[in-house]
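Single-structure report; data block below.
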């Protein structure tokens, strides 16, 4: 199989720097998700690895070998595009067969190869169709099949679920991890959907404006986001962010929320006395009875069932909105006055000016891309 | 456009009919003249009824023209063959040179590519005579005067910029990802060009080629200045019917009809490429 | 060939049998006249071979540039005899007249060695000669080693021959002592009247004898013939060709000139005289009243075609145009008649300006001696006679052909009045232009001015003054004025 | 796959560098055109000379004299005026007519497709021959158009032979030959427009004139620009039709640039003046095409940006 190493990649378009001195290592067999908003440079990065565009500076190593100056066809990677990029003048079969044809495989090998991957992706019945006769889902599977069919050691998947409907996306999100694991390939997966990122990634690299802001396991990213922005991107409903100024008393470090002192667990010493933003995941809040220590009085304004959970919009006495999430079927309050409590262990504190998280344990060395 | 009133449909029909009459009438009239002798053509006022004769076509095809001054040898069929040969070869060469260049301009934004592309296009707009006259001197020195090669070269002045400019638009309209996908699948740039870019731009290339063919076919002055009689196209050849014993109107008409026929046949054959090909969105760039 | 026939032809060539006797004799042997002609030429070929080494350039090839014209057709029809005589190969390019001279200019200005000899008009040599594109042919004509003794340079009509010789000085007299023979005349045209007898009889008019009568006759014809027929056909396109035929012939008859040449050789425009203005007025009036409606697009083709098709009642143009329209499948074939025309009542005789189709030798020819072999054959007495009697090579430029009874008889039979017309106008026939390199500038602008006058865009007097002014400034600019 | 198997896919032997490739692809086309550039510069040199073929001894550099003399030469100003007028009239009329016809034929149907191919026939007629055809048809005697004109009361209509109608006649021929060119480009454009905006407008009951001026025209602009560019620059250089019909006459009515330059070269053999005229014509076309292409590129960028 193949590991991937990017060293100090710089890519500019005209005066704009799209990738700024980016370094990244992906281990053999690992699935790395590139996550970030559009324009972050994810797709450019993928194309650099594929070899269809060239970096201005830096080196690309695949399987330990320098491939920077090698054209795409010599890199032996497989890629699926966000817009599928199917060849409109070829049947699905021929589309899928192109990587095998490039290897000058025999007709028989090609047929077997295409049909087996088509079966795996459940598109065996549309192989004779041209792309325009395929549904979006079928197109997406065809594109995926084409990327997989040559058993490439390195797979590049550029947001393959972006242009398919919700149902299919849901299905594929379940299917894909197994599929990728079975191939045993090294995978780089680009997405803008945090759930996809969480579901698929062994590690996630969160990108923004051409640099990796945070690199870590899905757990790390969720629990210890490097900054407010990342915290906001991961999680649905989005994290509650409230301005606070942590103080210290005998019991430890606390913040004031609606005149209630909420004590935080964990190492937050650095935050004391600074203008901060506190991040509270909706699921880290729970309805409690009045009188529970640290209970914050709120007014429930609305309640929305969201699949397996229920999201409640509440308002604090200072008028700040707050989202509370609880699993369906658990007790809660749907209107009127209520009290909520904070799971103090999961509270996150960010510097208000810079947005950086304060007191992180796993500070990422962003320049080298390696976790400290 | 769905709900059109009856009145509007009638008006549209009338407008279309007028258009067809204006553009087709001269063709029809020339077609009729080509089946008449000089005598019936010269009747005043002109008449619709006549006894058709194939004499004009016979004269053109056999190369024997009967006139007051005796039988003249005419080389009209030779002119026709020259036109076919010159136009086909020129367009073929222009495609061979222009399509890869158009691809380069479309896909690779290399240093100075816009300037070079514009320079190439501007050749299309240089007055032909400006280049042609000194060119005769150089051709003489290079031994290209009076050769088909020299002529085909000069014809590039008409064909190449047209093809370059139009085809470039088609290539730009093909999403780059489709080509990337093929490269990543393990194919060389040349295979990608051949198997992906060319087939996808095919109708556009055909339409551009057809337009270039029409312009090459219609050219008059290049061969006249640069080549001897045996290499003249049909546009020059049709003038041979203005003879000292009178203007052979019937034969001129037949010559015009014969000279339109090959391009028309080509256009009919390739008609789906012409409109649909052009509407791929390439002309807009 | 049978011995008897050979003997007969040889006897003819020795002068023992007259031409008519020859034809009769051959006819009795069952040969058609045309075959007899070819045989005759073949015999001449053998006779020529006896006195001159025609085979000196055997195996060589020369290439000609020809205009699509009956003269060229006649030459091509006889070409096999030349090939047999000399063992040379001749290839040729024929171009339609519409583009012919442009093709010549293109080839010569590129110094192309492709063509060895080409057809041209005498006017064109005023450009080609100074440009160094063509050769002075005196070098060959006067060299007995290179020219067949029977070539008979003196046989050429002097006026025509001299019109092809110019010393290269702007304004220099044609045919002067120091003149260079830029081309050899081949066939020529005088400008006279060809008219439709039937129409003249119907309306009851006779052939006009001067300009006033011509204007009146043309007007009457236009009014009375009916069927859209107009009175007089003359050329009118925006080209030198509009000036040189009838127009200049009549103009010269009033002793008017295009240019004045001063003692020190300077040129100046001469068309703004009172006489010139009076003549222009008459001419313009004639076209307005009785000319073709689209006169300004008329070249000799339209002028001729209209006459042949019965759309015009008379033309004042090249006599040979009338000749051609009187034959073939033209509607009016056989119904046309010819007459010389003297525009000025005070003049003694007609003074037709002439157009001379000639042969020139390219200066870029790679083998001029071989080319001359072709030229002397093509302009030689034998071919001239062949062309005149067997083909439509009118008007021949050799006196011997005009003296030939068979030729005169042929003309008299089918073209009544043609010979008389020729005889009347020939003494006064010559080129009436002043030779100078700006010939085409001058005549094109003159034609454009005429067009403006006919369209009433400018009064005649003013137009001529402007024309003279413009021409004077161009002459100055070119260092000639 | 191991590193070793990747190794096997490595290119061997000669390989074209990615940077060189585009130059390599465009080089042949460029070379062919550069060959034509040399005579262009020769013409520039001629234009700065006093150069008549018939007076080779007087040939010398007179630098800008050929150009300077144009300023005081009424013939030159007439040429400039006629050329611009001709180009302006033909392009505007052909554009309007071409757009109208394209809209009539917009709907895809067998009949419309057939008509659009039929309408291309004038374009396939060489302009030189088309001029000949129209000359035959406008002959005052047997010409059918003259006859038809006389039927509607235009006795004696003189077409190309009268200064007052000559321009009209050649413009008519130009329209006949080249409107199909514009028509086919605009038809292609119309048919490639997305349908949604039109459907939406129709549903909302937006007036048709509004749809035309606010939706159709703006979306069609790139096509219109291309068509106008090609036609305008061809039209200002028109030669075949005018030369074949009137040789620039009657009078100086139609002495457009190329006709004047052609006559200057082939009849007057005044190479210097001929070259100077064409250099000016070239400068005009270069200037115009520059404006058009700049706009065209900008429009295209914008269209791409939206996509």
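Note that the chains take the letters A, B, C and D in the order they are written out, and that residue 1 is the start of every chain.
Keep this in mind: contacts are C-beta pairs under 8 Å (C-beta built on N, C-alpha and C of every residue); 3 or more make two chains touch, one makes a residue touch a chain.
Small disclaimer: the values here were computed from a predicted structure and weren't measured.
The minimal number of chain-to-chain contact steps leading from chain A to chain C is 2.
Comparing the centres of all chains, each the average of its CA atoms, the largest separation from chain A belongs to C. Per-pair counts of C-beta contacts peak for the chains B-D.
For this pair, chain C with chain D, the centres built from the Cα atoms lie 41 Å apart. Centre to centre, using the average C-alpha position, chain B and chain D are separated by 14 Å. Between chain A and chain B the centroid-to-centroid distance comes to 57 Å (mean Cα coordinates, whole Å).
Contact of a single residue of chain B with at least two other chains is seen at positions 42, 44, 133, 137, 186, 189. Shown for chain A are the residues that touch two or more other chains, namely 71, 73, 75-76. Chain contacts: chain D has residues 9, 141, 265 touching two or more partner chains.
Contact residues on chain B toward chain C in their complex (touch as defined above): 37-39, 42, 44, 66-70, 72-73, 133, 136-137, 139-140, 145-146, 224-226, 228-230, 232, 236, 239-240, 242-247.
Taken together, the chain B residues at the contact with chain A in this complex read 175, 177-178, 180-189, 191, 196, 199-200. For chain D in complex with chain B, the touching residues are 9, 19, 21-23, 25-26, 28-30, 32-33, 35-36, 38-40, 42-43, 46, 100-101, 104-107, 113, 115-130, 132-134, 136-137, 141-144, 147, 150, 176, 179-180, 184-185, 187-192, 198, 202, 222-223, 226-227, 233, 237, 239-240, 257-258, 261-262, 265, 271, 274-275, 278-279, 281-282, 285-286, 289, 293, 296-297, 299-300, 303.
Listing the residues of chain D that touch chain C in their complex gives 52-56, 58, 69, 135, 138-141, 156, 158-164, 245-252, 263, 265-270. The touching residues of chain C, counted against chain B in their complex, run 68-70, 73, 76, 92-99, 102-103, 106, 109-112, 114, 227-228, 301-302, 304-305, 308-309, 311, 320-321, 324-325, 327-331, 333, 391-392.
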